[in-house]
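Two complexes follow with subunit A in common, the first pairing it with subunit B and the second with subunit C.
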Partner chain A sequence: MQRNQIIRTRLGWTLLDGVERLVSALWPARFKGSVGRVLLLPAVLLIGILVIGLGYMIEYSFHELDLSTYRLKDEYSLVNYAVIADRPVYMRVLNRTLLAALIVSVTTVFLAFPYAYMLVRTRSALTRKFLLIALFLPFFIGQVVRAYGWLIILGKQGLINSLLEGLGLPTLNLIYNYPSVIFGLIQYMLPFAILLIVPAVAAISEDVELASEGLGANWISTFRYIVLPLARPGLIGAFVVVFTLTLTDFAMPEILGGGTTDFIASAIYDSFFQLSNAGLGAALSMILVMIGSVIVAAIFYLAGTGTLGVREQSR
Partner chain B sequence: MSRMVEVKDVSKSFDGTLAVNAVNLVLNRGEFLTIVGPSGCGKTTLLRMIAGFEVPSAGEIRINNDRVESIPPYRRSIGMVFQKLALFPHMTAAQNVAYPLKMRRFEPAQIPSLVDKYLQLVQLGDYAGRYPHELSGGQQQRVAIARALSFSPDLLLLDEPLSALDKKLREEMQLEFRRIQQELGVTTINVTHDQREALVMSDRIAVMNEGVVQQDGTPVDMYRNPENRFVANFIGMTSLFEGTVCATGDGVVSVKSGNVLLQARSNDKVLPVNTRVDCAIRAEQIRIVEDASVYDNSVFGTIEHRIFEGDRIVYTVHVEDLGGARLHLFDHDPVSHKEYPANERVRLGWNARDLFAFQAPQSN
Partner chain C sequence: MSIILDTKTNRRTVLKTGAAAVGLLAIPSVLRAQEKPKEIIVRAWGGAWGDALKAGVADPFTEATGIKVRLDFTEDNEIKPKIWAAVDQGRVPPIHVNWDTTTNATISALRGATVDLSDLSNLKGLLPLAKPSGLEGYPLVNTYAYVYVCAYRPEAFPDGPPTSWNVLIDPKFKGRIALYDDGIGFNPISVIVGGGTFADIPGNMEPGYEFYRKLKKNEPLLGEDADFTTWFQKGEIDVACTISVNARAAKESGIDVAWTVPKEGCKVDTDGLWVPKGLPANEEHWAKEFVNFALTKDAQQKWCSMLGLPPVYPGIEPPADLVGDPSYPTTPEDFAKLVSVPSPVLVENQPIWFAKFNEIFQG
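The block that comes next holds the complex of A and B.
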């Protein structure tokens, strides 16, 4: 048996040596430094395409729709932006979207943190398994399916209302309102936020927390002065991601809002596909992109995490 | 002398397995105790119970005569330096050292001067504004110790804080820690699996194995008078072989091992005839001799191999007559440069007072 093992190991080495020689023949060492950059190429390409699309959108947004031909006029104008500023409905939709993004991201991060902390720190393998499954299960169920799921539970003839009826109680309007959209969004965003916070918590060594306790800090102080500052990059990252995802969300307000609580994405959709006004849709999109970028940039600037702590944490 | 720490019959079990088994230790004010033992013997667990991170399954721990088992770590006055230091990465050296002072509500006006004092003590006065990742391993070590000491704790606990350093730096830091400890007179428990560190730094050593304290005493005592085979083997370079008592005298026993008769020291224990014993002998106490008459014991053996260690040569000698035992010895005369090649047949000699005979554990 030992002999066999030795032979197998030898064979393995010979094979590996061969592969190495082949690779170095095909890929001389002087190219090595550029390997990383080459691997980045697909991602850069994708982002590049996105930027081109954005360029077109900017272009569109400056052309008014010609109602006689249903084409965009050739000359440049700010008409689309003027229309948006003019009609209060767009302001309302925008405010509603921003408020939702704020509520959803704050609540989600708030709820995600203890979950992530527990997931990382629990000593029980069973608890960890349960938390992991509960975390990943929603990913297998798409947003639309989940929204319909909520309809089934919360709808007029839904589970809860049938129950209330059965008990002889008046039924409730649980859907097609703002809170139900917020609720659906939080539930949808939670796993994303947890996934973003987990690595930040995992990077905090348990000894550091114990050290803090040994040095005289109770758990509240330890949390305030040690855990929170060290997890901050993860918390901010989660906040930003949830904020932008909510800002641009379409399905939840469509399905759970039932047309009563449109978000800006719905307005964009309507401009493109109901009004066939690509110029207006593009202008709305540009406003969304601008607002999102400014807010995210402001958060990064204020939080002082230029690179989300990617570098600092790894040291 | 007043008692600082008293550990009484303390045990800790994890899922039914005993990590610490009925340990007793007493530590006086200002003493430096080192707990030494192989990996997994329960050193960290014992230390964590004293610090309050772990609750004993049984027994009691007293600090300053107060029972502390149910007092959380932050209410105890203990500075601990962790194996991986656990410095706060988002705080500068000075902020790290100031942290316990803030948490323990020291007078804010007092804090900067204390921070300064302790950074000076560990010779890091010029590094106050550096973050941990901007400091070398040794410097981080010093910050950790300054942080653990800045609030004048009753007790300092060190959990192998030097184990990650290279040999030279480690030896420097050992002396540095000892200097600081003596300067402040702080009662200290140090944990290590490096027996040399234990001998160099401590007032007292406790040797642990499998959750049990095997023996505790001064370094000299532990080295010269080990009480059992484990301690003899763990401290120093020791060779072991088995034998049977065939005559007992005053502190000396005759032991038959293989087909030689040896004079050994029974360490004040009564070892009746026919007792099975483990014999232990330190490498520096065996000599390669021409004339055996000056030594109480002498055997012939063959040099199996030799290891050159610079300041000494370690020989391993195979002794057929001792049931095939292998004895390690240093024999290097740096003046005459007399050396022996492998396979040479040599005569070994040593004295009765250097050969320990311990009653062998009952095998059943």
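The block that comes next holds the complex of A and C.
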């Protein structure tokens, strides 16, 4: 009986040794340090494809459209960039987009923080469940469907105007204007911001807040000097994500803007598809990428990459 | 003599035998070229447009050939670059037949992305409208004409339909008017209603741009075909420049909409069908057969009657509700009341007009 057990144990060891040798042959010990890098490969590959696409876009942006063949000319030129600089409409659309991105980002982060704080700190399971459902429900409804939902509510014969009419009050123009686009975007971006702020708030130990209050700080001081600085990674992250998503948004201005409050993404779409001018579309895309990158880089420069919880280079 | 005769006979025999052999060898490739695909994909517009194509052409084509027809509702402007990229890269294009505006189809022809349709048997006897202007042969074939009418809500016009396009700048309708978001269908009309003449197009579009500046103050909505129906349905607008098909479809679905051709006229245009290059030989053959089928009397009658548009097949009577309707031109006199800009002029100038339209309305 004991002998059988010894044989089984030895057999097990032999088997394990075999597996170990096989693993060593396939993945030698000297490669162990590069496991992380190998796991990074798919992501690097994806970004690489994106960079190749970006390279093509840069190339296209330096070719003018030949209207007799509707192909880009072979010669390199700055015509597309000159056209953008020459037509004030592009600057107006760009300014409109940047202003919207700023308003939406600030408002969304402002609204998202108390929601995230409540979600993390509440002791009521019912409240937490309600907040979670309210947070995730919009994710199951696409952006286009939500925008059409707003048409039903805010339209001239929509819910709000019907109520106003019922009360004998004049109806309002609640849709097909800039404020309605901003409103739709805030509603769309709010869950993204909350989801980014929640981990930052959850990382703040409640004991720290209690200690602050124990040392005599009121809730405003605790919030100002303890919670807000510690939640900074989430706040900055949410701001950057909402800002970049708004900067490139297409559907909301298209549906809620009534055609006269286009964002830069609409101008890019029009260049590529309505005008069949890939050169102009690429030049506009490059400008958008550059502006977005510079702003995000400036935020990280001012706030430091450490704000996102990323380990900063040791000095 | 007999030797000469023998020689001739021999040569003829050899030639005949050779020709027969070549013919026999060629049979498999000819058969392969006509081998039926399981389905063909036709890009189409949705709603009333797609329904009409399905009932008038696609279903009867399937009945006649056994080949299924799948309608692809990708936006016409979005399918264009996909086809171009496929043709340039030597890939099989994503669709077999493109139902397209003549202007867009002409652009694709200029890029060399279209198959020549000159050998279609049903081209004979069609109205001259079927032939694309400014292009060699038939890189596309026009299938009907359509008019960008002045559609309105009768309830908002108790004194009768609007008689002039100036209704669009009437402050009474502020925020309750609509145009296409690229000005398509209204650009030439804007010149005439703005005080210019047809001769000003395309050299002097300023009267039109001036009209647009006034129109902008009246806060128009800008959209696509589907938007007009939604806006009329939800009571968002009272008057719009849209294709008669959309107005008629809205009316048929119970929305209170009527249409008229104001005194300045309306733009008349055409749509057509084309086959992209790069399809396998058999699929190209049946794609062309689909286009040929769409030009038969029966297909034209059903398809165009459902759309309420004058077909390129001659002698087809208009649907009962459109008899005498100015948006259904059939005679040269009818067409004279409308504004038609040749496709080459549109192809060359539409990007410029669109840029200006955008500049005015996005300001």
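The criterion applied here is as follows: the second predicted complex is superposed on the first by the 272 of 315 C-alpha atoms of A that agree within 3 Å, B and C clash if a C-alpha of one lies under 4 Å from a C-alpha of the other, contacts with A are read in each partner's own complex, and residues count from 1 in each chain.
Everything below uses one rule, namely that a residue touches a chain if its C-beta (ideal position, glycine included) is under 8 Å from a C-beta of that chain, and two chains touch if they have at least 3 such contacts.
On a predicted model such as this, the values are computed, not experimentally measured, just so you know.
Taken together through their common subunit A, the two structures put subunit B and subunit C side by side without a clash. By the touch criterion defined above, A:147 reaches neither subunit B nor subunit C. Within the superposed three-chain model, A:205 lies in touch with subunit B and out of touch with subunit C [touch as defined at top].
Residue contacts after overlaying the shared chain place A:260 against subunit C, while subunit B stays out of touching range.
Once the two structures are superposed, subunit B and subunit C can be ranked by residues of subunit A touched, with C on top. By the touch criterion defined above, A:230 reaches subunit B but does not reach subunit C. Looking at the shared chain after the overlay, A:214 reaches subunit B, while subunit C stays out of its contact range. By the document's definition of touching, of the two partners only subunit C reaches A:70; subunit B does not. In the superposed model, A:241 lies in contact with neither subunit B nor subunit C. Using the contact criterion defined above for the overlaid structures, shared-chain residue A:87 touches subunit C, although it does not reach subunit B.
Superposition on the common chain places the nearest Cα atoms of subunit B and subunit C 48 Å from each other. Residues 51-53, 72-74, 76, 78-80, 82-84, 86-90, 99-100, 103-104, 133, 147-148, 151 of subunit B are the ones touching subunit A in the complex.
Of all residues in subunit C, those touching subunit A in their complex are 75, 77-78, 80-81, 107, 110-112, 175, 181-182, 216, 219-223, 230, 234-236, 347-348, 351, 354-355, 358-359, 361-363. By the touch rule above, subunit A contacts subunit B in their complex via residues 205, 207-208, 210-218, 221, 225-226, 229-230, 312, 315. Put simply, subunit A touches subunit C in their complex at residues 65, 67-71, 87-89, 92-93, 151, 155-158, 173, 176, 258-262, 267, 270, 272-278.
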